[in-house]
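The next part holds the structures, each set out as structure tokens.
The two complexes that follow have chain A in common; it is paired with chain B in the first and with chain C in the second.
Up next is the complex of A and B:
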């Protein structure tokens, strides 16, 4: 009997030939799938662990998460109520000041707001034309009497105010997310009149997205290490479809197991939670300040 | 003898009404016992534990647990809270059990669901954090933890319920040697306080050190032996047949040994060949 416990190793597996590869061409780096999985993973990680801003000793970080969330919601309401571009710019300046006091770089807020602003711009772009916002022409495209087409001053102003409003709201929300630990976001939400099961489901969704992204990453890497020549587009599509189905199956199995694990620990359809935050004077001061700004916006 | 905690009679289980998971299982488990359910992968150990925990229900046969027949209906009523507080279940895969935002919330989850007063919940969580030496992790997000740390959190989350019966599915899986020793010491400590510990495993080192009874599941999903660890471990033919140990050949210098071998290197007897 051999030392391999009866396992017959084929002859070709017994050969070894470590040598330098004679080729010299360089590939195209990361493929489409890898880039996308990496981008999704990086986005989720950034949302859940925003570079440690939540642990810094800044203005917002010192405020109770519940008060912080309420204050930010009041500021967002203010942004929704303000009518002039100038007043929204003033609010944006205040947001940047709050960010600086909370040790958050304004460029990070801009980086988060920019994709939303670009997306919004494409959505509202038709509103610059006279057929949606008639008014004084700024740029005339067609001067035909029957169907004049031009960019109106009112249209441009309307878009500018809308984009500023969206920018202010996204910056406020980003500021809250950056200065609040992921766990505190959900704890704070639990104190608002939102069904607890909804908050718990949201929290778990974030958590298990991370687990499933890891599965997707590993699954892709496992294929990559066994891929010697590039696959055809058809093979690539087939593999992608099979992996998507695999992830769906894994997510369903995980959901079932999580439910069983919750049941085993006494869950009977209603999530019971406990809040151990303590509101202090400065928390009430922050809410008062947010209300004051809201009150001011209503006077403008 | 007192009334058994679990009275399992003729239990069979089929997955999707097709694949056999368990076949005609009959056994009784009494208070204070430390039982290992030993079997190869896929023999039905985890399913049997889940049936005892009232998480899945048999296709045939019956389970009486804590004096009541364990059915879906009874676990939807008042008995459920009592049963969940008495029976703690630790899954094999820690990732499915750490679903709360922080370690602290994870350990508090069970007691909160059972309406234990909040002061008592805080005390239990703090005590468990200290007992398991995981106080430094209390504000950490569970998905940041290592496998061993997750296992500790999961055990803490179950122990905070103060269960009388602890069901553990492959408790040593994926643990490094230091964490395994820590787990052994914890389980040995719990045994002293008459907790009933039932674990599904194929780790023979657990069986020897931590149990006073072993039930062996075959690859045909039936119980083929039930006895003391000494009785079970000396029945080499049976262990070979159910795929818990295997015949293994290796070399010490010029001497070649053939002997049976379990997953954790039980070298019981050697047949020397020159």
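Up next is the complex of A and C:
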């Protein structure tokens, strides 16, 4: 109907399936603009949609965030020091018990640890063979004297311990992050012997990442909706360079504005916080428990 | 490039945290001197843009895209010292909130990406662009700076991963941490970074910074004095010290037991010998004296672990009380 009343739609606009701009579909798969938009969207989703475990009334949530962080770091050190698969499995079981007691869904914990675990698995798979880890053969693939190829017991055990260790450490950090609100993470860090300006800058960094990421998203979306004519790779790169620089310029301007706003509110260059160090019996109990497990592991 | 938790032995992590401590301290001092009270918002915002830059896919010839770290881009705006802090903050946020890189390996990741990379890129650029370079030489200098910086950082990652089987294996030869030796990690990292990631960083660095040369050059970092001067000084010191280092052998300085001192000096100071016997722990070897059977020995382990933890908790408690006051 639309075509019959005299509106001429150009041929190139009728074709679908091919992205209009080479920078949106270079070679195979998506182009950099679409990839960047997808990356930004998934980032915003991840930050703005916390699973809500931090507000639940579980074991870890009841512990002071500072004690919680210290305890989790001690558990991570324990995981780093353990040498046998069995001992790491025991620790991992403890992590799962802690997650359950903190009302954190084990599947959510696994989902967080999975990307690193899958990456690690593919990375270490060749290490099961004798050419990386020679030892007692478990499965022999080629028995030729010139080039024997087999899966070694040492290789299998080595990657099992490695994967379990990575899994335990990643799960512990994820458990802390899932049970702690972002503001409490930065509050907890203030207790550690890190200069206050770094912690203050860290929480400010997190806040302004959201501002800058919005700038980046807007420029990418604006570019995408305006793209009707194919542009060259060089033009695409030139555009991206200008946008990256725009973000840098914007951030420098914002830093100046933030500084002026801070000065106007009486900031003289010295950081003052309202944190009062007050921990309860259960916080000390938690630190004591994590230290106890660490010391036990050192003697295994 | 981001090393996750569990890949490096605690010793390696400790050494790299210790290596970064003076770098962070010096960077903080330098930044404080130049930025004063402005430092917090400026560092925070620059860390934020570093984080955002790391998310961008850069198109490279051949139809693929890749992420850049942006160490050299940031160094060209802030100078190498402030970049150390800015990138360290960005890497901390990535590790804590997004599980990109580990917490125990944060020292290592900062050493590779927040220290080696910006400094390598900064100096490579200034060596190639020394004098009065034209647009073309600047572009080439930036491209090579990005490429070299990325590959130096990758080499550091390869060495850190590759030494793990050497320093941490179980008695039966089983690797405890990253399982590949240097003969595997170095070629693997070299191949991927010389062919691909180095190219992404090189193109990204050249395209962003050369864009600024054309539009707003005033925003780029200008060193107060000849940027190559510290490099020359460091090179001269290294040249002088290298033969001395080759001559040195034996135990680390100051860590001698009286036996070793005796072999070094010909005698052991009497005072040291006296002091050595002064302190024997209450539970030598984490065991309770007299608890010799395996069952009792296990109990001894548990009791000493419990006592050790209780003592530390008590110390934290007392420190907390004093602090509150």
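The rule is short, and it goes like this: the second predicted complex is superposed on the first by the 199 of 300 C-alpha atoms of A that agree within 3 Å, B and C clash if a C-alpha of one lies under 4 Å from a C-alpha of the other, contacts with A are read in each partner's own complex, and residues count from 1 in each chain.
In this section, a contact is a pair of C-beta atoms (placed from the backbone, for glycine too) under 8 Å apart; a residue touches a chain by one contact, two chains touch by 3 or more.
No experiment lies behind these values; they were computed from the predicted model shown.
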item	value
Dominant contact partner of chain A by residue count, chain C or chain B	C
Contacts of A:284 with chain B and chain C, given as first, second, both or neither	second
Which superposed partner A:263 touches (first chain B, second chain C, both, neither)	both
First (chain B), second (chain C), both or neither touched by A:106	neither
Which superposed partner A:204 touches (first chain B, second chain C, both, neither)	both
Chain B versus chain C as contact partner of A:154, first or second or both or neither	second
First, second, both or neither for A:182, with chain B first and chain C second	both
Chain B versus chain C as contact partner of A:174, first or second or both or neither	second
Touched partner set for A:94, first chain B, second chain C, both or neither	neither
Which superposed partner A:76 touches (first chain B, second chain C, both, neither)	second
Footprint overlap on chain A, comparing chain B with chain C	182, 204, 207-208, 211, 254, 258, 262-263, 267-268, 271, 276
Partner chain A, residues of chain C touching it in the complex	4-7, 9-10, 13, 28, 36-49, 51-53, 55-59, 61-65, 73, 77, 85, 89-90, 92-93, 96-99, 102-104, 170, 172-181, 184, 203, 207-208, 210-212, 215-216, 219, 286, 301-302, 304-306, 308-310, 312-313, 316-317, 320, 323-324
For the chain A and chain C complex, residues of the former touching the latter	23, 26-28, 31-32, 35-36, 39-40, 43, 46-47, 73, 76-77, 79-81, 83, 112, 115-116, 119-120, 124, 127, 132-135, 154-155, 157-159, 161-162, 165-170, 173-174, 177, 182, 185, 195, 197-198, 200-202, 204-209, 211-213, 216, 233, 236-238, 240-242, 244-245, 247-249, 251-252, 254-256, 258-259, 262-263, 267-269, 271, 276-279, 284, 287-289, 291-292, 294-296, 299
Of all residues in chain B, those that touch chain A in their complex	50, 53, 55-56, 76, 80-81, 84-85, 87-89, 91, 93, 95-97, 99-102, 105, 108-110, 112-115, 118, 121-122, 139, 141-143, 157-158, 161, 247-251, 256, 258
Chain A - residues contacting chain B, complex	1, 3, 5, 48, 181-183, 186-187, 203-204, 207-208, 210-211, 254, 257-258, 260-268, 271-274, 276
